[in-house]
Amino acid sequence: MAINWFKYSSPASFYSLAGKLTPLFSITAFILFVVGLYISFFVAPTDFQQSEAYRIIFIHVPVAWMSMFLYLIMAGWAAIGLAFNTRLSSMIATAIAPTGAMFTFLALWTGALWGKPMWGAWWVWDARLTSELILLFLYIGFMALQAAIDDPRRADKAGAILALVGVVNIPIIYFSVKWWNTLHQGATVSLTQSPKMATTMLTGMLIMSLACWMYSIALVLMRTRTIILERERHTVWVSELQGAA
Amino acid sequence: MLKVSDLECVRGERSLFKDVNFSIEAGEFMQVNGPNGSGKTSLLRMLCGLSMPAHGEIRWCGNAIRSLDEEYHNSITYLGHLNGVKDNLSALENLRISSALAGNEIDENKAYNALQRMGLGGREILPVKILSQGQRRRVTLARLLVCSTVLWILDEPLVALDSAAVMLVQSILEQHLEKGGMIVMTTHQDINVAAVVTKRLQLN
Amino acid sequence: MFLWVIQRDLLLAMRQRADVLTTLFFFIIVVSLFPLGVGPEINMLRSMAPGVVWVAALLASMLSLERMFSSDYLDGTLEQMLLSPQPLSLLVLGKALAHWLVTGVPLVLIAPILGIQFNLSTDALLILAVSLLLGTPVLSLIGAIGAALTLGLRGGGVLVSLLVLPLYIPVLIFGAGAVEASSAGLVASAHLSLLGAFLLASLVLAPWAAAAALRISIE
Amino acid sequence: MNWASWSDFFAMGGYGFYVWGSFLVSLLCIVGEITLVFNRRRTLLRQLSLIHKATQYEQNNETTS
Amino acid sequence: MFLWVIQRDLLLAMRQRADVLTTLFFFIIVVSLFPLGVGPEINMLRSMAPGVVWVAALLASMLSLERMFSSDYLDGTLEQMLLSPQPLSLLVLGKALAHWLVTGVPLVLIAPILGIQFNLSTDALLILAVSLLLGTPVLSLIGAIGAALTLGLRGGGVLVSLLVLPLYIPVLIFGAGAVEASSAGLVASAHLSLLGAFLLASLVLAPWAAAAALRISIE
Amino acid sequence: MLKVSDLECVRGERSLFKDVNFSIEAGEFMQVNGPNGSGKTSLLRMLCGLSMPAHGEIRWCGNAIRSLDEEYHNSITYLGHLNGVKDNLSALENLRISSALAGNEIDENKAYNALQRMGLGGREILPVKILSQGQRRRVTLARLLVCSTVLWILDEPLVALDSAAVMLVQSILEQHLEKGGMIVMTTHQDINVAAVVTKRLQLN
């Protein structure tokens, strides 16, 4: 069955499509969260090294992953918007940024709360931590830039350029921070992780990750819908929508 | 040479103008009229390629100006609301540098003469900062005397000029038209430029 | 044409002779503030030195970024540049180069002297100068992108730092790293060649990105 | 089942602050984000319907007069 | 009238909601840059922390100084203010206050969190916040003089830092000193009361000096 | 009321004008004429107290304006070459704030009406940044409609305005004169303000 993708690249039809999909993803996300939390707290056994503190892993790792994926996806949509001048893709990129920033913040927060009992410090200048912090700055820069520009079309394009420059930089930043850190000191700080993860732990983590994915999709769809309405408020189809409502 | 078809300009959510069609050939003068905020500046910026029309096409010698880009820039001179002169440089430096940036390097003598003709004699090497409003505008306009482009796009060139300077600008424009140049201009003041063909575009 | 851009920017900088000097003094003052804020222990100062000098260089370069395009934008010169028959990225390259000549080169020259304040060894001083020589042009080039993106926005000066500082980080790390390595008696060539690689990459990519950003900003 | 009692469950082996700190703040952020999005949408829809009513009203007036 | 000035400046700041946040993020980023330049050793970072946070606060406050008068100058609003029937020094006080509300207060609030990155003790964090609370208004007030003096000069942004930084130094020394004292287990009250004295003195003198400077700059 | 005696203005090393004497009483209109750079703006800035004359005196009701200062500021409104509007604020905010700064707080309604009268109806809450050149000038001029000062000092108020706006400004000026106000103005354009007494000062 061939889906006419071009049809959905117009904001109007995407609006209704997204309206139908959002509940689907929301419900899936909710169910997965419940299952994942159940596994995290009641099925997964106590870790013999870290006792119960390790349970933070079930939230920390999924949000940390999401924070990185979402940046890539955001930059991808922004690039498409810039290259093909498709309004919808730029709107999706704009809609992803806050969610990505929130996940980045949560990765930092949960990591800090994990670090205190494990390393005895809320924060250490480790490669992974530092590059996560910089990622947060990049998200915030993207949002601040878009917020500072009144004209949405200009905001889209400027944001796209920034996101793309950021994508080129992220690997550079990651490796430079890594090198910087290891040059200085040995492994005073290493993630004390037993090599073989219990399978229940792994499933818990994966389910939580999947839940985060579904949540992100649902939320981004919802936010995109709002952005579409905001930007197209003077078009005919929006007023027809109003008339129908 | 310049052909505009079905042009539409949208600002914010309002359409400023639409279905604008005209063409300009060698020796023709076109004046764009309209009240404040009717879209004259917006139109002129589109003609330069500084902003994109919501709809319609602008062609130069048959090619869309977007595709020509740098080639097209070689044939136009645009003077906008802003003077585009540097406060800290002298009139002479300003003129030479702005000409060079427009791809047309001129020597000191030529620049001197142009400034002289614009009534800035004796003030060539003062920083533009201390000149009066009208004198700054004259520095900008001096560019017209030294450039070798065909199409001039002028956005209210007469602002802040005294009556002698208005006469002077008028004669400069006429000379350009005689040599087969083209001019698109806006102004709220009265000016009578003698041209073979004078077109008027009324916005709003 | 390219040369005209550089020449013009340098002329403007010279016209206000104070201009070059102030960036320099800013750099000197920030570097000198640290011992005041941190306290006078020699060993700690020595190990801080590369980082402090590099952070100060970064801030000095960044501070003057806003001016790179904004004054041209406000008085309409930038419009004229966009209409010039030369490729815009060349113009941008010229402006970035001029920015480097005005803000970067003086830092490279003065930094070794400041390093002496922190008791760095002669080798380390040399490496400091070389790392700055390779690194500061990258700062100007990346900065051009940020400056172009924030053109005409209110609060541009602060916004540009928000956008640009995260991108500066690799330069900072390898720049300071080179000096630290050399003052720890290690070879700094790996760091330096990475800095060189950054320079090449940004020479190729940044003018292009900044030109695209300019076109967007001016529309 | 890992937990002997509810208090055991909340204590998390002495790491309650950290574990619950992580999960609760995450929950808060997620709930907060959802409310923000909903609020944005709600205010927007209200604005739009006001505009819509106003234009309808104007149109009606035009046709009747 | 005084209130109108503050209200207007705050309005301008809020109009671009990002404005307040960007100063804040600038502060955060600069504070985070230092460890990257200096290296991640905990002890060194801890002893650097007060100096770094204070220098960053100083820079954040200074960076936004230029905006205090220059945009009003360029578009002619300042001329109108000089012609207003209120005493100019009151206007200046209003503008300095607005500047502090926008750039100082957020720093005071966020600084303790940044202190955690450097492993400062709770006591030291508290003193840090208090010292910033007393010190940042002084920065805004002194800054107003510098901003007024450099008005309309090219390279104003850098020149202002040159004029203002030396005046900032006492604030820096006592501000950072207070935190260091408290993290060394001493009492910080002497430092803090000196900061308080600076605040009072600058409240009385700075508006007057800045007003005089403005009159000179605009002539 | 305003009395100027023996005024001289020196710029750089040149004396722009000297021995300027005039006085303005209630209901009088004075137009300052002269070519670009003749010192009109310089004269007007002196009248406001923004710059100091090289020689001579300016008196308001018999007192030197230097000694009056804030009191004098209460009686004048000066509009210069620069608009004095904030790009990021709306026309409405700009008008209310600039009036408040001039010591004359006005409510929203009054501001709305003034902007309406200046032909900015429907654009009151857009940021001034996106308005056209002439529209920005109108925002500045709206200040004249709400102020309660007696002496208006206007430096080329007609720049960038279309002909409808010029008529409007003319009628505003005439009303002010009728109510016993005083106006000192420069312009390079033609305008005929009906006044009981019209004085002309020719510079250079």
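Letters A, B, C, D, E and F mark the chains in the order given here, with residues in each chain numbered from 1 onward.
As a convention for this text, a residue touches a chain if its C-beta (ideal position, glycine included) is under 8 Å from a C-beta of that chain, and two chains touch if they have at least 3 such contacts.
Just so it is clear, the structure is predicted and the values come from calculations on it, not from any experiment.
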Of all the other chains, whose mean CA position lies farthest from chain E?
-> B
Of all chains present, which has the mean Cα position farthest from that of chain A?
-> F
Return the distance between the CA-based centres of chain B and chain E, expressed in whole Å.
-> 45
Cα-centroid distance, chain B relative to chain D, in whole angstrom = 54
Distance between chain centroids, defined by C-alpha means - chain E, chain F (Å) = 37
Report the inter-chain centroid distance for chain A and chain B in whole angstrom, where each centroid is the mean of the CA atoms.
-> 49
Where chain B touches two or more other chains at once, the residues are 81, 87-88
For chain A, residues that touch 2 or more chains besides their own | 137, 140, 144, 148, 177, 180
Could you list which residues of chain C touch at least two other chains?
-> 12, 15-16, 71, 74, 153-155, 159, 162, 165-166, 169, 173, 219
Which residues of chain A touch chain E in the complex?
-> 121-126, 130, 133, 137, 140, 144, 147-148, 177, 180-181, 184-185
Quick one: which bits of chain B touch chain C in the complex? Just the residue numbers, please.
-> 48-52, 70-71, 73-74, 76, 78, 80-89, 93, 97-98, 100-103, 105, 127
Touching chain A in the complex: which residues of chain E?
-> 16-18, 21-22, 25, 29, 32, 35-36, 39-42, 45, 116-117, 119
For the chain C and chain B complex, residues of the former touching the latter = 1, 4-5, 7-8, 11-12, 15-16, 71, 74-77, 79-87, 218-219
Can you check the complex and tell me which residues of chain D touch chain A?
-> 1-3, 9, 12-15, 17-19, 21-23, 25-26, 29-30, 33-34, 37-38, 40-41, 44-45, 48-49, 51-52, 55
